[in-house]
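A short write-up of the structure that comes next.
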Amino acid sequence: MNDFLQNNGFLIVTMVQQALLAMSLYYPLMSGQLSLASPGFYALGGYVAAIIGTVEFFAPWRDTLGWVIFPLEWLAAGIISGFLAVLVGIPALRLRGIYLALATIAFVEILRVICLNLEITGGAIGIFGVPQLFESRWSYIWTFGPLLILMLFFSYRLDHSRVGRAFKAIREDELAADAMGINPTRYKVLAFVIGAVLAGVVGAMSAPFLNTWNARQGTFDASIAYLAYVLIGGSRSMWGPLLGGTLLAALPEILRPLKDSRLIINGLVLVFSSIYMPQGIAGALGHLRSFTARTLGFVRSEK
Amino acid sequence: MTTAQFIQNVLNGVSIGSVYAIFALGYTLVFSILGIINFAHGAVFTLGAYFTYTLAVGQFGINGLLSGLNLDLQVPFALSLLIGAVLAGLVGVLLERLAFKPLRTRGADSLLALVSSLGVALVIVNAIQYLVGAEIYTFPSQVYGDIKPAIMFEVSGQPVVVRTVQVIIFAVCMVILTLLGYVISFTRIGKALQAVAENQTTASLLGISVDRIILVTFFMSGFLGGLAGTLVGTSFGIAGPYFGVTYGLKGLAVIVLGGLGSIPGAVLGGIVIGLAEAFVPPDYSAYKEAVAFAFLFIVLLVRPQGLLGRSLSQKV
Amino acid sequence: MRRSVLVTLLMTLCAGTAGAENVTTPIPIGIGLAQTSNVALLGEEQVVGAKIAEMYFNANGGINGTPFKLIFQDTGGDEAGAINSFQNLINRDKVVGIVGPTLSQQAFSADPVANRAKVPVIGPSNTAKGIPQIGEYIARISAPVAIVAPNAVKQALKEHPGIKKVAVLYAQNDAFNTSESGTFQETVKKMGLQIATLQKFMTTDTDFTSQVTAVLGANVDLAIISGLSADGGNLVKQLRQLGYKGPIIGGNGLNTVNIFPVCGQYCDGILIAQAYSPSADPKNAINAAMASEYRAKYKKEPPQFTAQAFTAVQVFVEALRKVEAVTKKKITQLDLAKVREELNKQILTGSYITPLGKISLDQEGEIHQENFYVAKIKMDANGKTGKYIYVK
């Protein structure tokens, strides 16, 4: 048991972390917006935590607060991300579809270049020696795990709430929703901010997890990876990002025995799953469930 | 800034801008017909350069499955360029059949095409590395014949320079632009392309084989990508399998600025961004990278159809 | 209440099963380098060096008769990949030590993990400040080339006494090049010269026209470049093509024959600050052996990354031999945890004659290297092959 955790602890925690980042994409997607901005907020959150953790200015705080500094870092990261999301979101969210996606991609790149060049973010080297909350990588499950459970619970409640229904209405037909009295801008910004805050908090939790933080944590490649998680996992329910994030994050590691060809196989998996599972894995499982139910003669009421 | 410095910056800007433009041409072609961004374009661009290199030089290094391979084919450069581009075009077609067509027939979300093309890019780039390793390959310096490496002239007593190979890239870019413009406006296949870009259903009702047009588009896009890759490779060398992929991101900014789907827009966008980067004051050169994306962001907010794109109308 | 008892029971059970384990034969040494992603440009050279070392030392008796084996786990180009690679090597492959990772940034991420697991790590190419200080199990044999940079400048002044204005260019997205350039800039100022222009670029850049035109516009007498092979080579080529005629100093990143295909004939005359030279010291037997092995297989001179990876493996091998001498037991008879601990102790003591010359490691894990060289590139008439002629 201990061996299994030793060997795979880091990977398992990474899977949970990636699932959370996939969820940060899911909330904007719920209201029909393709936002690829998560890596930007993730990087920002990580820098907030790394800076609070290492810079002289915060040393007295670190000494007096002990481990409480960590939740404080998460809070700071969340607030700053949320604030930036409102600032960026209000002008940008007037765009739709691929145009919004491109605007968020631009935002991530601009943020990355800025972080690459500031003194406080350590420039190209980044910040290292980030203080640790736990000794072993596996123990970080105690930060990411509860956050995941919290977000799943939150998504469930959101799904069944007025706000959730407003999101879905906007996703289905923005004009009609507007005509029905739902203010699209307000809800779209809200969805965007939720995603951003989540990404920021995950970033703040990840800086100690990875021991170091630099501008390479928030790149376009990461945006596409998260998009793949949501699309391949399934974008219609909260289980989709969870499935997509965990499975796709584990894939390069599972394929490790294949050595040189593992990334080729990884690419092929992306191609095949987008072709043969267009509803994502969650969608495919949903089909399987209803197929099994019908075949086995159970009567199930559709929600 | 003196006149000489100004002209120098303009030359620099147009030089690098032509590189962006020539990359963006194939990129925007696919978008204009299918409305999707083909993330594998950067990989096809890279592949074109490698194909041409194999034919013209053929000496590989010490890593990868084909290590030590020395195909002294010595195909003349112009022919290698052509064959390399054709091969890249065929890869484009293959890419369409395997990764995009199945999604179209199933009526899948167009976003899945993004993920699928990304998967293809990953496969191609890693296959290249698997076969020939990640070393740097360069074309021999005399591929364009016996010409001077740079053109130098004086403006009010101060020297202004430009590399010849960049002039060649600019010239090729303009020629392609003109040719494409001619093909699209004046030939039957060009008009069919326009029709499919406008509305696939109507086009097919009018008897145009939409499937065939899409194939032609991907061939052209791959051909242009492979051509561009080789030309850029002669200028800067082939710095490993990822050398084309890095243009992919900036390419997005270029085609949006120019107007998604507009071919002259791609060229204009490339040159504008090249100029913007060239005029960044040296003290802020660190932020050059962000210039293209600042442009992208602002254009999207202010004028999403870009410089030459058609005005987007709200669909009711 | 009952649940916490159960948890405690479970944990003691788990702790109890972590018993002593022996080291397997052949003795496993871990290699965690970038074999995929665009960092593989550097990683591939290192892998070659490690493999040559494996062949060479096993042919020369291995660890006092016991052969050793290199276990490769790709780190990819990012931090998480490096951690995964290290964890696989430490827990699954049960290696006695690790050579890697390729990038300093990856080291900041993965080395603490190895340090906490008490597994010795030798960085073959991590040159950023603060790496050996990460922990007592972390060492490196890649010298912060700050030491040799001034020599290159002195040599340039010797050849061109009239130098007054200098252009300094560096890759700002690379930790090593940024810090190396810092040293160059200080040296230039200390020698009373003027930095007429300071240009930045990225290692992924290919077009340097604006930097070059700025250099030409500033009318400098010397250009100092800190970059890697693809970018550095292109920069030199474009400088020369656009008419710069003065001397050029290349930093340690340009110390590889891999710039020859990039700048071709234009590489001629570059002064390079070297932490490794394939032929400067003909009396260095192990360097001669490694270089001839490399030349026979690959028909060119071994690059610095290859030599450094070779050296890292060599340090492990020689330290393992010392462990057997000191404990008077065979490695395979010792418990894995004990081997790792003893190995780390032995790495940090004594000196080694390596392809890099004579080196030693201090208690912090920092390398002390005796031989640095300044060389000048001499290209052959065909513009494809060339040599580094040792100058000082």
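Labels for the chains are A, B and C, by order of writing; each one numbers its residues from 1.
The criterion applied here is as follows: contacts are C-beta pairs under 8 Å (C-beta built on N, C-alpha and C of every residue); 3 or more make two chains touch, one makes a residue touch a chain.
Small disclaimer: the values here were computed from a predicted structure and weren't measured.
Engineer: Comparing A-B against A-C, which pair counts more contacting C-beta pairs?
Structural biologist: By number of C-beta pairs in contact, A-B is the larger.
Engineer: Relative to chain B, which chain's C-alpha centre is the most remote?
Structural biologist: Following the centroid criterion, the farthest chain would be C.
Engineer: Could you put a whole-Å number on the gap between the CA centroids of chain A and chain C?
Structural biologist: 35
Engineer: State, to the nearest whole Å, the distance from the C-alpha centre of chain A to the C-alpha centre of chain B.
Structural biologist: 31
Engineer: Multi-chain contacts in chain C: which residues touch at least two other chains?
Structural biologist: Residues 36, 172 of chain C touch two or more partner chains.
Engineer: Identify all positions of chain B at which a residue touches two or more other chains, and write them in rising order.
Structural biologist: 126, 286, 289
Engineer: By residue number and range, which residues of chain A touch two or more other chains?
Structural biologist: Residue numbers touching two or more other chains: 116-117, 260, 263.
Engineer: Given the complex with chain B, which residues does chain C contribute to the contact?
Structural biologist: Touch residues, chain C against chain B: 36-38, 40-41, 44, 48, 172, 197, 199-202, 204, 206-207, 209-211, 213-214, 216-217, 229-230, 233-234, 238, 240-243, 258, 261-262, 264-265, 297-298, 383.
Engineer: If you look only at chain A, which of its residues touch chain C in the complex?
Structural biologist: Within the complex, chain A touches chain C at residues 1-3, 5-7, 9-11, 14, 116-117, 123-126, 128-129, 132, 135-137, 210-212, 214-217, 252-253, 256, 259-260, 262-263.
Engineer: Can you list the residues on chain C that touch chain A in the complex?
Structural biologist: 10, 13-15, 17-18, 35-36, 72-74, 76, 78-81, 83-84, 87-88, 91-92, 104-105, 108-113, 116, 128, 130, 134, 172-175, 178
Engineer: If you look only at chain B, which of its residues touch chain A in the complex?
Structural biologist: So the residues of chain B in touch with chain A come to 37, 39, 98-99, 102-103, 106, 108-109, 111-116, 118-124, 126-127, 130, 249, 252-253, 256, 260, 286-287, 289-290, 293-294, 296-297, 300-301, 304, 314, 316.
Engineer: Using the touch definition from the top, list the residues of chain B that touch chain C in their complex.
Structural biologist: It comes out as residues 5, 8-9, 11-12, 15-16, 19, 61-63, 126, 129, 133-138, 141, 149-150, 152, 158-159, 161-163, 166, 232, 235-237, 239-243, 246, 277-278, 280, 282, 285-286, 289.
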